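In the two assemblies presented below, chain A is common to both, partnered first by chain B and then by chain C.
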Partner chain A sequence: MSQGIWNRLQMIDRRIIYWVLFIILMIPFIRPLGLPVSITDQTRDLYNGIRSVKEGEVVVINISSGVSAWAECLPSLVASVKVLNQQKAKIIFWTSFVDGQLTYEAIVSKVPSFKERVYGTDYVYLGYYAGAETGVAQLAKDIRSVFTADYKGTPINQLPIMQNVNKAEDVKLVLSSDTGDVCDYYIRQWRVPYGVPVAEIGIAMIYSSYQPHYKAGILFGLSNGSRGGAELEKLVGELGDATTTMDAINSSHLLVIFCIVLANLGYLATRGKK
Partner chain B sequence: MAYPTDVVGILGIWSALLLMLMIYSYPLYKENPFFRFAEHLFIGLALAIAVITAIQTTMRMAVTPVLGGDIVYVIPIILGFMMYFIFSSDYRWVSRYPIAILVGSAIGLGMRGVIIPNILTQIINTITFPKSTDFMSMFNFVYIALGTLFAVMYFLLTYEHKGAILYPTRLGRWLIMIGLGAYYGNTVLFRMSMLSGRAQYLLQVLRIIPM
Partner chain C sequence: MSEVLRKEVVYLITAIVVITMIADYFFGIKQLNDAASMVRTWAVVISAMALALGAVNLMRAHGNIVRKRVPGRWIYSGVLIFIFALTTLLGLLNINNPSTNPLYKWLFDYPYTSLGQTLYAITGFYIASAAYRAFRARNIDAALLLLAGIFVLLKNAPIGEVIWVQLPVIGGWFNDIGQVPAMRTFLITAAFGLLAYGFRTLLGKERGFYGEVATA
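The block that comes next holds the complex of A and B.
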């Protein structure tokens, strides 16, 4: 009898599990659970690094994460930019993703303090650059050889923010938001040759890859997907999308753990009985 | 971001929701014409955006400077055109030159920054005694040091894994599996996060939660 139950449990249609997962993910958005989020060292260091930027210093935000990664990267970017605006830093956005402009526009729409800042003077979006690591290396040497104008077509020399900025040494720090390995390019082409501090705002999938770089002091900070975003929101003092998302993710993980335990129990119970 | 009030905005968010549901109809139900329509539409749009961006970038970074008298940019334009010989069986060899330049420059650029962060700093960090002497710092120090040693020993493929290196290599294999498990766990975390974003969007469009 028990063998029958285990066999039936192992043969549950995967679509049922997907439906249950989708419904479980939705519940915390309707009724937040408010599960606690502790602050990790790498997120605190990222926050402190951004906090150390002084008024008028230039920060580059490299957007190498598309719309598909908004749930993971956007909350961290929004929280970071809120701090940079508080610090009155000058922010240069650029992207290596074809849909990077949508991410830039989402950041601007989600950070109310941009209304008090002047485009072209306090912040600018230069657009898309090609060439992967070659492009990143060229940006470190001569930004004007890659971008002649911003995304609106305004010549770069007419933008007040770019008056004294043309190479890596003119930049205080780089925040790279990635779904891949673009942060490696900034480590190799900005951090190592020019000593520009670099931090990673990445998806959870690449967190393990960049953890050694953070531990070794190559990256000054590291944000781990939605979890990092929730931590930054807590540090900034404005809870947002990532905090709610963490409840949903935690709930889904409980389901995944339950399924793994159940599957293994089923395997052990039916092993050798077929 | 507030819920749109104009017709275009409302049409936009409902179109996105319908396309999302069409895509999810595959895992939640089965393959069907709606899924295929949404999939093909997505691929077509993504390709169109990529092509337009590529053309704009080429115009901005190469063609405009050439028209402005900066003749040196003719070289990358010619190299770019040479790439297309890859489609000709008779003249495929022409495409090997720009590919060789591309690969060579990428390796050269990459190499100059690899040694310090990826090799030297990692070795120094692995063998440096931790500043803090609390239990977790010491555990991490020993775990990483021995883990690195045993995992590297696992790849000693010129020696049979028996005798003195039997248990270290076996432990190395276990540590590699734990590491890959952590990678996979983070991958699951990422996928769940993406899915939660879509679940949130569904509730926002249906006005169950604020946008």
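The block that comes next holds the complex of A and C.
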């Protein structure tokens, strides 16, 4: 009988796990936990790097994460752009994802300070570039050979923000938002040959891949999914979506650990008896 | 043109492009830099054209499924073709800036965004279930992996710090001391591998991308 219980512990129907997870994810929305989030070095360095941008300096934000990664990347992007607007930096957005424009529009709608900034003078969205790493390499050499106009069709030479900007050396720093390896392209084609500081705003899954680059000083900062977003929100002083998500992260992580422990207890209790 | 000559021309073009790109990286010769820049622009344009090719291929593949009425699949392929045609048509109506078309924008803002985020969120459920079923301490290695995983999970979630203030420190140790050197080794090894692959390609020994089997 007891062996039956231990066996059953290892074979809980996945639909039960799905339902328990669903309910556990809902609880924080009804009753938020609001646990404190400590700041990691990676996020603090990212924040300090953005904070060091001076008025009028140009920052490139590469959007290589689609709408599916909004939960993880958008809060960090929003918090970073809030700081850049406070610093009165000039921001150039571009994307290597076909739905990058949605992310750009989401950032603009979530950052109220854009109302005080002038499109084309203080910020611009140039649109989509193809060619993966080759495209990124060409952007470092000659932006105008990749983009001839912004996403509205305004010729690039008529945009005040682009007057003295055409190559990597004209850019103060790059923030790359990724779900894959696009930040590697900026490391290889912008950071190493031209010394342009690059930071990564990525999903938690690729955090491990970029940590060696951060530790080696190649990336000046690194945001780790929603956790990084919550840390940035805390640093900026405006709590947002990522801070809310942290409650769901807490409950879901605890459930996963609980399930793993449960299954292993069952496994260890029945190991010798099979 | 004979088959041999045709292959030789491809190898020659590849070698010229590779040498131009490497030389462009290391030397500041204007003519060379201009030539490399031109080649990169071609590559960007060709990549953009590849998107169109991909779209045509997608329509061909799904068109075949619909035409053959493949059981269980043709309805989905039909929906795909319909949405593709609708989006393309709406985009073409405002070709200079499709996002000014309200219906086109609606398609992206509501169905696409919601579906995209839903698909990604569902993976959380799969991961929870998969972790429960797969993470078993069957031997010492698996037990160590399990332990490290739990500590890193508790480092990432703020509740770890609430349970015990040292939990994130231990998780951080696994991350910084355990994971970073391993990942660094992997990256450096892969970089050397890429270098070797490049040389083999340059020497015509690596012909995988020509559709041939590599020679030793």
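Note that in this section the second predicted complex is superposed on the first by the 273 of 274 C-alpha atoms of A that agree within 3 Å, B and C clash if a C-alpha of one lies under 4 Å from a C-alpha of the other, contacts with A are read in each partner's own complex, and residues count from 1 in each chain.
Heads up, the rule we're going with is that contacts are C-beta pairs under 8 Å (C-beta built on N, C-alpha and C of every residue); 3 or more make two chains touch, one makes a residue touch a chain.
This is a predicted model, so every value here is computed, not measured.
When the shared chain is aligned, chain B comes close enough to touch A:Thr245, but chain C does not.
Once the two complexes are laid over each other on the shared chain, residue contacts for A:Gly237 go to neither chain B nor chain C.
Using the contact criterion defined above for the overlaid structures, shared-chain residue A:Gly4 touches neither chain B nor chain C, since it reaches no partner. Judged by the touch definition given at the top, the superposed model places A:Ser208 against both chain B and chain C.
In the superposed model, A:Val146 lies in contact with both chain B and chain C. When the two complexes are overlaid on their common chain A, residue A:Val37 makes contact with chain C while staying clear of chain B. Once the two complexes are overlaid on the shared chain, A:Ser68 sits against chain B and chain C alike. Contact with chain B, but none with chain C, is seen for A:Lys110 once the two complexes are overlaid on the shared chain. In the superposition on chain A, A:Ala132 makes contact with both chain B and chain C.
The interface of chain A with chain B overlaps its interface with chain C at residues 14, 18, 21-22, 68-71, 99, 129-130, 132, 134, 137, 146, 193, 204, 208, 212, 215-216, 224, 227, 249, 252-253, 256. Residues of chain A touching chain B in their complex: 14-15, 18-19, 21-22, 25-26, 29-30, 68-72, 98-99, 106, 109-110, 128-130, 132-134, 137, 146, 148-149, 187-189, 191-193, 203-208, 212-213, 215-218, 224-227, 241, 244-245, 248-249, 252-253, 256. Within the complex, the chain A residues that touch chain C are 12, 14, 17-18, 21-22, 33, 35-38, 66-71, 99, 101-102, 129-132, 134-135, 137-138, 141-142, 145-146, 151-153, 193, 204, 208-209, 211-212, 215-216, 224, 227, 230, 246, 249-250, 252-257, 259-260, 262-264, 267-268. Chain C contributes residues 25, 33, 37, 40-41, 43-48, 50-51, 96-97, 99, 108-109, 112-113, 116-117, 119-121, 124-125, 127-129, 131-133, 135-138, 146, 150, 153-154, 156-162, 168, 175-176, 179-180, 183-184, 187 to its touches with chain A in the complex. Of all residues in chain B, those touching chain A in their complex are 1, 24, 27-30, 49-50, 53-54, 56-57, 60-61, 64-65, 105-106, 109-110, 112-114, 116-117, 121-122, 124-125, 179, 182-183, 186-190, 192-200, 202-203, 208-209.
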